[in-house]
Structures are given as structure tokens and as C-alpha cells.
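Following this message is one structure expressed as C-alpha cells.
Naming follows writing order (A, B and C), and every chain is counted from residue 1.
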Amino acid sequence: MVLKTKKPFLETKDLTVGFGGQVALDGVSLAADAGGIVCLLGRSGSGKTTFLRTLNRLNDEMGAYTKGSVNLFMDGRWCDILAPRTDLLNLRRKVGMVFQTPNLMPVSIAKNILVPLRLTSGLGKKQCRARMHKVLEQTQLWQEVGHRLDEPGLSLSGGQQQRLCLARCLALEPQILLLDEPTASLDFKAGRRIEELLIHMARSYPMLVVSHSPAQAERLAQAAFVFESGKVVHKLDKASIHRHLLEECITGSAK
Amino acid sequence: MTTTVVCGLLGFIAWQGGAVLGPALFFGDAPAWAAISGQVPVWDGIWPACAGTLVLVLLAAALALPFGLGCGLYLAVLAKGRKKAFCSLCINQLASTPSIVMGLFGFAMILFLRRTFLPGANTCLLLAGVCLAVLILPYIVRATQNAVEAIPLTQRLIGPSLGLTLWQNIVHCILPQASRGILGGVILAVGRAAEDTAVILLTGVVANAGLPRGVLGPFEALPFTIYYLAAEYRNQSELEIGFGACLVLLALTASLFVSARWIQRKIENTWS
Amino acid sequence: MHFSETFSRMLLYTAAIVSMACVMAVFAFLVYFAWPVLAGGEWKDLLSLNWRPFQAHYGILPMILGSMYLTVLAMLVACPLAAGVCLFCSGLGPGPAAGAVKALVRFMSGIPTVVYGFVAAFTLVPFLRSHFSGSTGYCLLAAGLILGFLILPTIVLIGLSALERVDQELSLTCSALGLSRVQSLIHVIFPAAWPGLLAAVLLGFARAVGDTLIALMLAGNAPQLPGSLFDSIRTLTAHIALVVATDSQSQAYRSVFAAGCLLFFIAAAVNITVFRVRQKFGGLSRDG
């Protein structure tokens, strides 16, 4: 599947999310197009991670309340994912997520992919292994770890771990990818490698990437949203990201 | 000063108890293998008490484990806000209820059963097991909850973020990472069950019951033997048996305690 | 929703509900059996100083007072010692020694109560008997001393965890201000950790009130008001054990259940106080 034209895949209206008494997102309305990475920018605590976790309803796990509407374009139609009857498991399988720090299970490299895949898809052993091969190729891990799949996942380097996380989530054949500061815990070189991978994959998947670095956004994004204390304050396209970056530098409000 | 007292205590027991340690302490005059299998009754050894404690502890752990695990997981994974606070408060209350009150609870159950539909009910091994299970339940709940909550948040979110069901998440992601912590807590809880005297005092322990015959019969237990001998020893050799029993019980709880600490120490190293 | 999802949720809920039901059941049984005493006018008799079961006097006041005296004595023994051990472990003592003492205190919490009782019965009691004339040795003092040692690890371990948490936040600041380790401990860290220390003392108190074996084995168990440290006393907990074991009449049972209720309420009061203290000052001492 290659996304040729820009098509909207995400639309939120008056999205408000809070934890207990604290409001994390305050009336966010935005629409995003597929066909290129969409970046979410902002300082820590501005609500970008919360926004990302709303899209696979992961905030529910942490006792958040959510109001407003969120629609995702999946399976050829718009789905209202905040509807009370939403099948959360199905939603989370279709919306893949990679976290800020690599979170592998303390088992072998192969099992990190195979266990969740078998549990959620019900595929046979052979098909699972084929799928694993495919996603490891996709994340450029096959050449590096293909010969030592039985070693513990935690023995890999940080960048490899993060790519394994990405592979694990690709194995479930998601339709949308969410990445929460995927390079924040990595060194410069490993981070760049992931960035290249993401740019490459953004041709096949609608993708949202949280970043706290405008410079990274400039390298990655087709479009970007800037969050500030729970609200979206700017919508930027490819051209205006650079200008915004400059302005922030001049006025001194950038990080 | 504390150190002196504790070391003095340990030394005293080792000195007094070490002298009598040997097969005779456990089996008296009876031959060992026949005594273990229950063919020959043991009159002046502590083997029946050891066996009673063993059965009792296993029973209590088997009863408390499923509920303790479930409740701990509920507190750590599912419960939020007010429900969590209320459940925690209940578990704390259970933990701080004196063990004698737990024994009284068992005794009250028997009184209640006698008055209602089981006039022949009497205190027994099963009852003591149930009461001890209630006693150690909060320890298992807390251990499970703490072990699960000690897993970093992103690790706990693997399962949900991949769309695993709650059950798959618990079995494949949470339990493997929390198992050591839970095991440590369970071992501590078992130690607690092995040493407690007040509960079994009211729920069917008897001084000369021999080996436990069934879950509805009377039984002996190590801590009760010690208590009983302290109060009613008749001669020097019984007193020596008392010291021997102390040493055995102390060795049992100490080894449980040390292994639990060792396991917990390992975890601290894993996560830091 | 998937079936297995609902099912596993139900399993966890059931486990939680059963666990909570245990507390309710304990409470319900105690109240059920104590109710005739509490509701009828008999509670006045219950609160009298007379325990003569064969003449139908079931006063448990001596036991309540006995419990109180013993607990206070144990706290008087344990608190200063615990404060000393806490100070020693949190920086006054040399590093390895502090670690060793801490390990030892941890180990103390694993020593069976009955072992303390047994050893004391053959060391401390004869010592008291021979050195203080007119005493049998089984007395308030013996039980108080040993009980103090029994609750020491509870207080020390909970207190230390509170201190360590505060210490992490404040010790650098204190050093930066040029305070010595002793100064910062006494003037900054102890005061800042007081909610946790209070919780530690309260939980130690609850442990002392609830303990049965020490009182039963060492305090002599005479239902009377003690005139001195060397008199025999009977506590609520020991009272329950003795009455149930000796199997007297049903009226005596009721007084026992009243005693059980009282112990349960004391535990509840401590529990709720600790909860409140921690809730109010949650920033510094969450759970323990």
C-alpha cells in the first residue's frame, strides 16, 4: 500500500482529557493528512503525549476521562473511537504505538515479536515466522540480528531495541503508527537511523510523531502541530516549520 | 544494645537447642522412617508438630494465594481512584487486625455453624488453615501490588498498546516481570503463617494429636508446642525439647526470611 | 468486548471482592456475637473491675487497663531505642556497621514471637524473680521489655523508609547550607519526616496492642489492676486466648467477643489515622 495523495486520516473536535483534577488537553480540534509524517511539537507537559495516547485510548489505562470526539480513518471508513462500544483491543491492534524508551519484554528477540503476534492474530507458526522475517527486514534488523534471534532482546543496543519495538508493532499490521519521542533515549547516530526509517515508512503508513525538538520536526515532518498547555497554538506545514523555528529562536521562546 | 540483646537471644537458643538437635528430638524413641510415614506414633519428639505446621502452612498458602494474587493485580492494574483507596483501606485493616482476633473469628464461625446447620462442627485443621489464609492474605496482596507497580510504566503498557487482552497481558507481560517480587512476598507470608500461634490456639491445635489425620481433625504445630512446653513442662528433657523446637522454628523462619530477602535484593538490582 | 477480557476482569474483581469480604466477615462475626452484650444493659457490668465468671461477673476493665499499661510500657522501651537505631542507621553510625544493624533489625522482624516468649520465660523471668523479692517474675515489666523488642523492628523499618525518602530530597540541600550530618538529621530531616515517623509509631502501637503470645507467656495473667511494675497483669488478647481455651460458659464468651470488637476498633482507628496522616502529607511519605 502506497499513499499517493494527501488524504485526511485523523480528526478531533473539542478533545478534552483530564487526570483527576488536572486537565491535560483542553479543547483540541485538529485534522491531519496521511502521506508524510505529522509531528506534534511542544514542551514537556504541553499535552502532546496525552494527545497521542488518546488515539489508541491508552489514557483509559491510567484512569483519564475523555470528552469531545476523535475520528480515525481505518478499514476504509471513519471510526469514532471514543464511542462507548468501541472494541479497544481491536483499536489498539490497528493503531500501533512505539514509546519514548524501548520497552522490550525480558525474553528473546524472536519471542518479543512472536508472542504478541500469535496471541493477537491466531496465525500458525510458519506464518508468524514469515511475518517476523518481513518486519525485521522492514526495520533493517534482519542483517544485524537475524542470526541470533534466540538471544535476549535486552542484549541489543538502544537503537536496535527501539527498532525491535517498531518491528513488534509492525508485525500486527497496524493501519496507523504513533511514535512518542522515538529517538529521545538514543544517541545522535542511532536517532538519525530511526529518523531515516520513519521517513521511509511514512510512505506506507499514516504516522504521528511526538518530538520536543523543532529541528527534528524540520527534518521529518510534512506538517506539525505545536502544543502549549493543553492547546494547539500553531498548525505548520513543511514550509512554515522552518520559519517558525527561526521566529522562536529570535523571540527566545524556543527550548 | 539492640545488637547485644538479639545476638544474646540467638546465641542462647543455639547453645540450648544445639545440644539436643538430632533424630531423637524429632522422633523420640520411634524409628525415623516408620515415624515419618505415620506407622508408629511419636510421643516425645516434635515430628508431629513439624508435620502439622507443614500441612497447615501449605493449606493456608494454597487458600490465600489465588485471592491474594487476584486482589493484588486488581489493585495494581484495574482499580482507580476511590475504589482503589477503599480496597487498600480494607486490606490495611486486614493486615493490622491482631491475629488473636482472627482466631476469634474462626472460633465464632464454628459457634455459628453449630447453632445453624452443622451442630457437630468443631475446630479443625481446615478452620485453622482458613483463618491463617485470611491472616496472610494482605501480605500476598501487598507483595503482588508492589511488585507490579514497581515495573516501569512503559513496560506495563506493552500489553495494552499491542492490543493484548487483560489476561494475555497479565500472563505474558506482567507476571513474568513481577514474579520474583511476588515470590519474595509469598515466602514472607508463609513464614508469617508458620510462626503464628494465636490463631491456631483458638482454632483446633492440640498438644498430643499426633500426625494430622485429615483436614477435619485436630493437629499439632511447632509454635504451639513451644508455647505449651514453656507453660507446662514437667521435666528437664521436655524443656530441652522446647529449646530444640525453638531452634527448628527459628531456622525455618530464618531461612524463609533470608531467601525472601535474597530474591528481593535481586530485583532491586534488576531495576536499578 | 471479547469474552476472555470480560472473564479475566471478572476473576480479578472476584478476588478483590472476596478479600474485602474477609474484613467484613471478621467484623460481622465479632459484632454478631458481641451484640447481646453491647445492646443489652450488660455493658456496664462488662466495664466493671470484677472478673469472677463463677459468680456471673464478667468485667473486662482490668484487661483493658492491663493492655494499656503493657502497651505504654512497651512503647516507652521501643521508641527511644528505635530513635537511636534510626539515627545510627541513617548516617551517624559508620557505613558498614549501619548496614549490618539494618540487616539485623530486618532479621529481627522474622524471629517468631513465641521464640522471644520462650527464651524470656527461662532467662528474664527467673532473673526478675531472684533479684526482686515478692515477685514471681511473670509480670508487667518482663512482658513490657520483651514486647518493646518485638515491636522495635516495625517502628525502625517504617521510620527508616520515611527518613530515607526525605533524606533523598533534602540531604544535598542541607550539605549545601553547610550543616553537619547530625545537625541536618536533627533539625531538618527528622522534623520533615514526622508524618512517616508518626505512622511508624502508630503501627508499632497497633502491633503491641494486638500481640498475644508475649503477654500470655510472660505477664502472669491475673485479672487485676497492677500496683507496680512487678505485678501480674492480663491483657485483652491473652484474656481471649485463656477464656476460649478453658471453655467456660456462654456469658464469658460474649465478653470475649466484646474484647475482640474492641481490639478490631483499635486497629481500625490506628489504620484510619495512618491513612489520614499519609493522605494529608502524601508528598513526603506515600505508602511504606
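Definition applied: a residue touches a chain if its C-beta (ideal position, glycine included) is under 8 Å from a C-beta of that chain, and two chains touch if they have at least 3 such contacts.
Remember, predicted model here, so these are calculated numbers, not experimental data.
Contact count check for B-C and A-B (C-beta pairs in contact): higher for B-C. Comparing mean CA positions across the assembly, the chain most remote from chain A is C. Chain geometry summary: the mean Cα position of chain A and that of chain C are 52 Å apart.
Chain B and chain C have CA centres that are 19 Å apart. Between the CA-based centres of chain A and chain B the separation comes to 47 Å, rounded to the whole angstrom. For chain B, residues touching at least two other chains, in rising order: 165. Those residues of chain A in touch with two or more other chains are numbered 89.
Chain C has residues 2, 5 in contact with two or more other chains. Within the complex formed with chain A, the chain B residues making contact are 80-81, 152, 154-155, 157-158, 160-165, 168, 172-173, 176-177. Touching chain B in their complex are the following residues of chain A: 20, 56, 58, 61, 63, 88-94, 96-97, 99-101, 103, 105-107, 115-116, 119-120, 168-169, 172. Residues 2, 4-5, 7-9, 11-16, 18-20, 22-23, 25-26, 29-30, 32-33, 81, 85, 101, 104-108, 110-119, 121-123, 149, 152, 203, 206, 209-213, 216-217, 237, 240-241, 244-245, 253, 256-257, 260, 263-264, 267-268, 270-272, 274-275 of chain C are the ones that touch chain B when the two sit in their complex. The part of chain B that touches chain C in the complex is made up of residues 1-3, 5-6, 9, 12-13, 66-71, 73-75, 77-79, 86-87, 89-94, 96-105, 107-109, 111-112, 134, 137-138, 141, 165-167, 170, 191, 194-198, 201-202, 223, 226-227, 229-231, 239, 242-243, 246, 249-250, 253-254, 256-258, 261.
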